[in-house]
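Listed below are the structures to be examined.
Both complexes shown next keep chain A, but they swap its partner, so chain B is in the first and chain C is in the second.
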Partner chain A sequence: MTQTASADVVIVGTGVVGVVVAEQLLDAGFSVLMLDAGPRVSRAEIVENFRNLPLGLKGSASSSYPPKPWAPHPMPSTGNPEDDYLQLEGPDAYAQTYIRYAGGSTWHWAGTCWRLTPDDMRLNSLYGVGRDWAFDYATLDPYYNLAEYSLGICGPSDPALQWPPQPRSRPYPMPHLPFSPGEDKFTRVMKEKLGYTNVPVAQARNSGMPYDDRPACCANNNCVPVCPIGAKYDAATALNRLEAKGAVILSNAVAHRIETGEGNRIEAVHYLDPERQSHRVTGNHFVVACNAIETPKLLLMSADSRNPNGIANSSDQVGRNMMDHPQLALTLTLDEPYWLGQGPVVNSGIMETSQGDFRAEHAGAYFRMNNFARNRYETFNALKTGKVGRALDEEIRRRTACTVNVVAAHEILPDPNNRLTLSANKDWLGLPKPHIYYDVGDYTRRSAEVYSMPIARRIAEAMGATEVKEPSAFAQSKHLMGSTIMGTDPANSVVDPDCRAYDHANLFLPGGGAMPSTACGNSTITMVALAFKAAEALIDQARRA
Partner chain B sequence: MQTRHSSPGVSRRQLLIGGASLLGYFTFAGPTFAWTQAFKGTPLHQRFMQLSGLLINHHLDEGAGLRIGAFAAQKYAQLDQHIDSIVAIAEQQGATEVEQFFDAIPEGELRDLAYWVIAAWYSGSSSADADAELFTYEHALTFQTTLDIVPIPSFGLTGPNAWNRPPAPLLPVPRF
Partner chain C sequence: MMIRRLSRVMAALAWLAAPLPLLAQTTANDADDETLARGAYLATASDCTACHTAHGGESMAGGLRIASPVGEIVATNITPSTSHGIGNYSEEQFARVLRHGIRADGANLYPAMPYTAYARMSDEDIHALYVYFMHGVAPVDVPTPPTKLPFPMNLRVAMKGWNLLFHDATPLEEDPEQSAAWNRGRYLVEGPTHCSSCHTPRGFMMQELDDQAMAGAQVGPWYAPNITPDDVGGIGSWRHDELVTYLRTGKLDQAQAAGSMAEAITHSFQHLSDDDLSAIATYIEALPPIGPSDGEERQGDRFSHGRPSDELVNFRGDSYAEGLEGESRGAQIYSANCASCHQPDGRGTADGYYPRLFENGILGDENASNLIATILYGVERETEAEGHVFMPPFGEQPNAFNALSNDEIADLSNYLLTHFGRVDENGKASVEVTADDVQTIREGGPGSPLILLSRIGMGVGIVAVVLLGYWLLRRRRAAKR
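Presenting the complex of A and B:
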């Protein structure tokens, strides 16, 4: 073991949460050292990886990011569960996708930024289910504003199109992106036939102008798996700026143990390099922000005599309450062309269906029509028809124009039985793989039975679907939440309202793991808001120290 | 100095360098690249492009054709005989377009090859499988059928916020 380095603050993880916290600390004058398990790569390399994938893999979010042996991440299943990185068990598969590269999973996120509503944060008070947040929406609002200006989030200026439907305290920094013809048509049909308002997505994508030294979106329709021009925010775009401000960023550095000392303060993080050599990094404060799977894994791996159940785990809640947005995606074949694929891959959604008194009985759902260009999904289906020549050309064109994917994304309640533990199955470094038991639960299943799927079928009918393919099971949304849950009671929560670990005064765990409710919208903007809040608390604490 | 292990005029050092180069060629360029280079310009390559021209009614990219043909030469042991058979059927029909002779290709190996060639040109890949070989991305014909309205993902179609163009009709299919 070698003593590699030291800093005021050591941050494990260079994804969006770690990057946001790091920049606040650097701007406040603290030294920062960041560790990432995976490699640091160029955008051009990822774009070439994508372009060189066979057509059958072009829809894969992760295949453009081959994992390094020392930093495995979930990939399309090999068919042998033991070979998979995530060891899954339970009625539903927590089959998530995330990237262990410097820059983290915002490399391949869609950029969607739905804020929570005030009601989303009071599920227990209002509906008697789930958990309330430790603070209200008004407390979170200024941090949402910071997130929107930091990431560069565009959104509508018309209050009737904003989410949540209440006055904003600050306008979006950029106007919302225009709809494609298909989205215009979907919006019109939903309003005229079902009364729903399909609103523009607030999204971390430059709209009509450069922002943050990045260019405007030019409709490359490749936000997932990678924006080829950097118009979409991803954390990798911030790494050079952080280094210019003095951050030290170590890639290919796999954190495998957190060391505690007197007073149960965190003393150091130990990491392994690709030669399997261990290094020790010390600091005054520590932030672990490597997503709601890798963070609890590291905490559990670091059990010691002071913390026999793992770091930050006196409540026994580390790794529990694993959440996501369980989704049901319908593929519709329509009479008329919608011509998806112009603009970003997710550009609008129906959010009003996520709210209501029904939440006492079942989950809400948000509906969206994905805007991915359809050739990649329909070419092989067209080829299977056996047509050739002009008939084949027309079949591909018709399927590309007239098929759509409508998704119902559900909320889920925190359930301590949905739990990450350490598998006996080891990775290349000999570290345990994550084992995750997962059941979406009756609250979400009931929504699918009596609420979301009936709405989805009405949407299909309103769009003139001639064929509807319904999914047989919930799929996952890659929105990792809950595993280091926030609360006001240290007996049943891992972190306090500032994402500070109850068990360790100098350890912060901001991000999706802290979220006690999911609502239906994508989680990243809330994770970033929590990162700003945690950074503020950390800076205040460090200055007082 | 010559030894019994070397040919006249070729030193042991040259042999080692040559062997290392050849090994490097296969190691770093990959066997597919090697097949492609060996296939390039051969009579079989030319006949494969002739077959492709009969099966596909569109302009065909030479580079993509080279990679598809080289792969086919590895995949189909009797590629040359099969090409002769299919081309002969087309000539018997006096065909210049695929619709004029495709139904005359007998079910079995010949029909399978013909359809594999068509699928390779349209998908740019050797199959729908995750481990398929990629022959071309942007020249895959599937994208040409919708290029008037749908971008090839990762290649931009418009300028900033300028993608709200009028919907295109389903027909006619663009010429390509």
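Presenting the complex of A and C:
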């Protein structure tokens, strides 16, 4: 073991949350050292990886990011569950996708940035289900603003099209992106036939102008798995800037143990390099920002005599309450061409269906018509028809134009039984793989039965679908939440309202893990807001020390 | 030529010896709206802000650091601050800066300040500028760091000799033989918009070569191209309205402004009136046409070469790392770093926001500086008509899309030049870029301030010796008498 480095603040994870916290600290004058388990790569390399993929894998978010042996992450299944990185159990599969690369999983996010609504944060008070947040929307609002200006979020200026419907305290930094012709049609049909308002997605994408020293979106429709030009925010775009501000970033450095000392303060983080050598990094404050699977895994792996259940785990809640946005996707064949695929892959959605008194009984849902170009999927269906030559071309063309994907994304309640533990199965470094038990639960299932699927069928009918392919099971949204849950009571919560671990005064765990409710919209913008809040608390605490 | 220079020397000497012409004292009463507006317009046309406003800084408060290998030249505060700006300048002192490049304290300015062009403006316009700077610009009481250049570049007095030889401080006079538009265009081009400062090649002493007016010249890493109306060497193929559109937007299908021209369009040209832009175009179109500097016979101008094409077949299926080892290295770099905006075959986006690369002046030119500089430094300009245009850099900036090496940029450039540039009958590009060329542009270009300033220094030294000799000679003669 060698003592490699030290800094005021050590941050594990170089994804969006780690990067946002790091920049706040650097700007406040603190030294920062960051660790990432995975490699640091150029966008050029990932773009070519994507282009070289066979068509069947182009829809995979992770196949353009082959994992390093020392930093495995979930990949399309080989068919043998033993080979999989995530060891899954339970009625539903918590088969998430994320990548362990410097810059983290915003490399392949769509960039969707729905804020929570005030009601989303008070499920227990209003509806008697789930958990309330430790603070209200007004408390979170300024951090949302910081997040939107930092990442560069484009969104509508018309209040009637904004989500949540509350008046904004600050306008979006950029106007929303235009709808594709298919989205225009969808918006019109939803309004006329069902009374729903399909609103522009607030998204981390440069809309008609450069922002954050990055170029404007030119509609490659390639947001997932990689924006080829950096018009979509991803944390990788910030790494050079952090280094210019003095950060030290170590890639291929796999954190495997958090070391505690006197007063149960965190003393050091130990990491393994690709030669399996261990190094010790010390600091005054520590941030673990590896999101809701890798963060609890690291905390549990670091159990010591002071913390026999794992770091930050006196509540026994580390790894529990695993959440996501369980989704059901319908594929519709339509009479008329919609020609999806112009612009970003997700560009609009119906959010109003996520709110209502029904939440006392079942989950709400957010409906969207994905704007992925359809040829990537429909080519295979066209091939199955047996057509060849020009007839095949025409079939691909017809299906690409006339099929759409309508998704219902649901909220889910925190359930302690949905739990991540350490598998006996080990990875290349000999570290335990994550084992996850998961059941989406009756609250969400009931929504599918009585609420979301009936709405989805009405949407299909309104659009004049001639063929409807319904899903057989819930799929995952890759929105990891809940495993280091926030609350006001240390007995049932891992972190306090500033994402500070109750058990360790100098350890912060910002990110999706802290979220006590999921609502229906994508989690990243809330994670980033929490990162700004945590950074503010950390800076305050460090200055007083 | 020699006679003309001598006469200029004599005229300048006469001016130095004569008492300063008495100019009317300006008071706040002179700041009538019309004069103020005229001054503001002229300040825009003169693009004062390009140098005198730091990025994100207060207007005209200086502080912009112009990096050079010999140190930073810092633009000064020209707000009417009495403590740190030009608030104490009388109008005659102000006029002396613009006409003669001499500050109130008597020190000479470096010709980075284009007083050689501003000198051609009328007394009325200099008066309007004075009124604007005194009453239309908010004073900012913040000092700018002094410019500290090492010897011999720090000898400002050396500029006196250069001015004697090369500087014409007389206002332009109307040419009754020419149209009003031509006269107005000449006035704008030779005066406030100081086009020749960049576009006219310079001689050994860094003086503008009048017989090569607007024939193209290196300006740091960028090359200000030939803008004479020559059908091959210049922009003779552009219609009048295209030239006006270019000045308004910086964007045509065949040419886009980058570097300091993008700044000039952002801060200056786009704000000029239709009539003035048209007048500028009229004058430019009437300049003596000058062919390519290499004198070679050729077909077509720099906007007429290349066609949509690619080499994808040579590397698709290989990883980026493998592609970089392969025979189509430049094409591989293009595919991974450029094609997502400019399209695999160089066609650009349909709206031209990300431009096409074939039939584009940057690739058809005989000078590859702009190609290399665009890759290294990117493009940024903002106009009312076309919005905020931005291409990320590929140098060592924190926001570089990818920090490409000299070798990589050379290979990429040669790929682009072969596909979209001017090639011979064997398909060989007429211009070739080496890694050394890229390094030169990375360091600030062949015309970097180091060379420029040392040349000025050397030139001034020679002038000083000549003048000293002349003075000694006269003294001896006088003594003999």
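Following the convention adopted for this analysis, the second predicted complex is superposed on the first by the 545 of 545 C-alpha atoms of A that agree within 3 Å, B and C clash if a C-alpha of one lies under 4 Å from a C-alpha of the other, contacts with A are read in each partner's own complex, and residues count from 1 in each chain.
Everything below uses one rule, namely that contacts are C-beta pairs under 8 Å (C-beta built on N, C-alpha and C of every residue); 3 or more make two chains touch, one makes a residue touch a chain.
Just so it is clear, the model here is predicted, and its values are computed rather than measured.
Q: Touch check for A:180: first (chain B), second (chain C), both, or neither?
A: Touch partner of A:180: chain B, not chain C.
Q: So in the superposed three-chain picture, is A:511 touching just chain B, just chain C, both, or none of them (first/second/both/neither)?
A: A:511 contacts neither chain B nor chain C.
Q: For A:52, select first, second, both or neither according to whether it touches chain B, chain C, the two together, or no partner.
A: The answer is both, since A:52 touches chain B and chain C.
Q: When both complexes are superposed, which of chain B and chain C contacts more residues belonging to chain A?
A: Partner with more touched residues of chain A: B.
Q: Kindly classify A:207 by the partners it touches after superposition: chain B alone (first), chain C alone (second), both, or neither?
A: First partner only.
Q: Is A:228 touching the first partner chain B, the second partner chain C, both, or neither of them?
A: After superposition on chain A, A:228 lies in contact with both partners, chain B and chain C.
Q: In the superposed arrangement, does A:155 touch chain B (first), chain C (second), both or neither?
A: It touches nothing on chain B or chain C.
Q: Which partner chains sit in contact with A:43 here, chain B, chain C, both or neither? Use first/second/both/neither.
A: In the superposition, A:43 touches chain C alone.
Q: Regarding the shared-chain residue A:497, is it in contact with chain B (first), chain C (second), both, or neither?
A: A:497 sits against neither chain B nor chain C.
Q: So, does A:216 touch the first partner chain B, the second partner chain C, both, or neither?
A: So A:216 meets both chain B and chain C here.
Q: Which chain A residues lie in the overlap of the chain B contact set and the chain C contact set?
A: Of chain A, residues 47, 51-52, 208-209, 216, 218, 220, 222, 228-229 contact chain B in one complex and chain C in the other.
Q: What residues of chain C sit close enough to touch chain A in their complex?
A: 316-321, 323, 332-333, 335-337, 340-341, 349, 353-354, 380, 387-388, 390-392, 397-402
Q: Spell out the residues on chain B that touch chain A in their complex, using ranges where they run on.
A: Per the stated touch rule, the residues are 55, 57, 97-99, 102, 115, 118-119, 122-134, 137-138, 140, 142-143, 145-146, 149-171, 173.
Q: Which positions of chain A touch chain C when the two form their complex?
A: Counting only chain A, the residues touching chain C are 42-45, 47-49, 51-52, 208-210, 212-216, 218, 220, 222, 228-230, 237, 240-241, 243-244.
Q: Could you pull out which chain A residues touch chain B in their complex?
A: 47, 50-58, 60, 63, 76, 177-182, 184-185, 206-209, 216-222, 226, 228-229, 337, 339-343, 372-376, 379-380, 382-383, 386, 388-394, 396-398, 400-402
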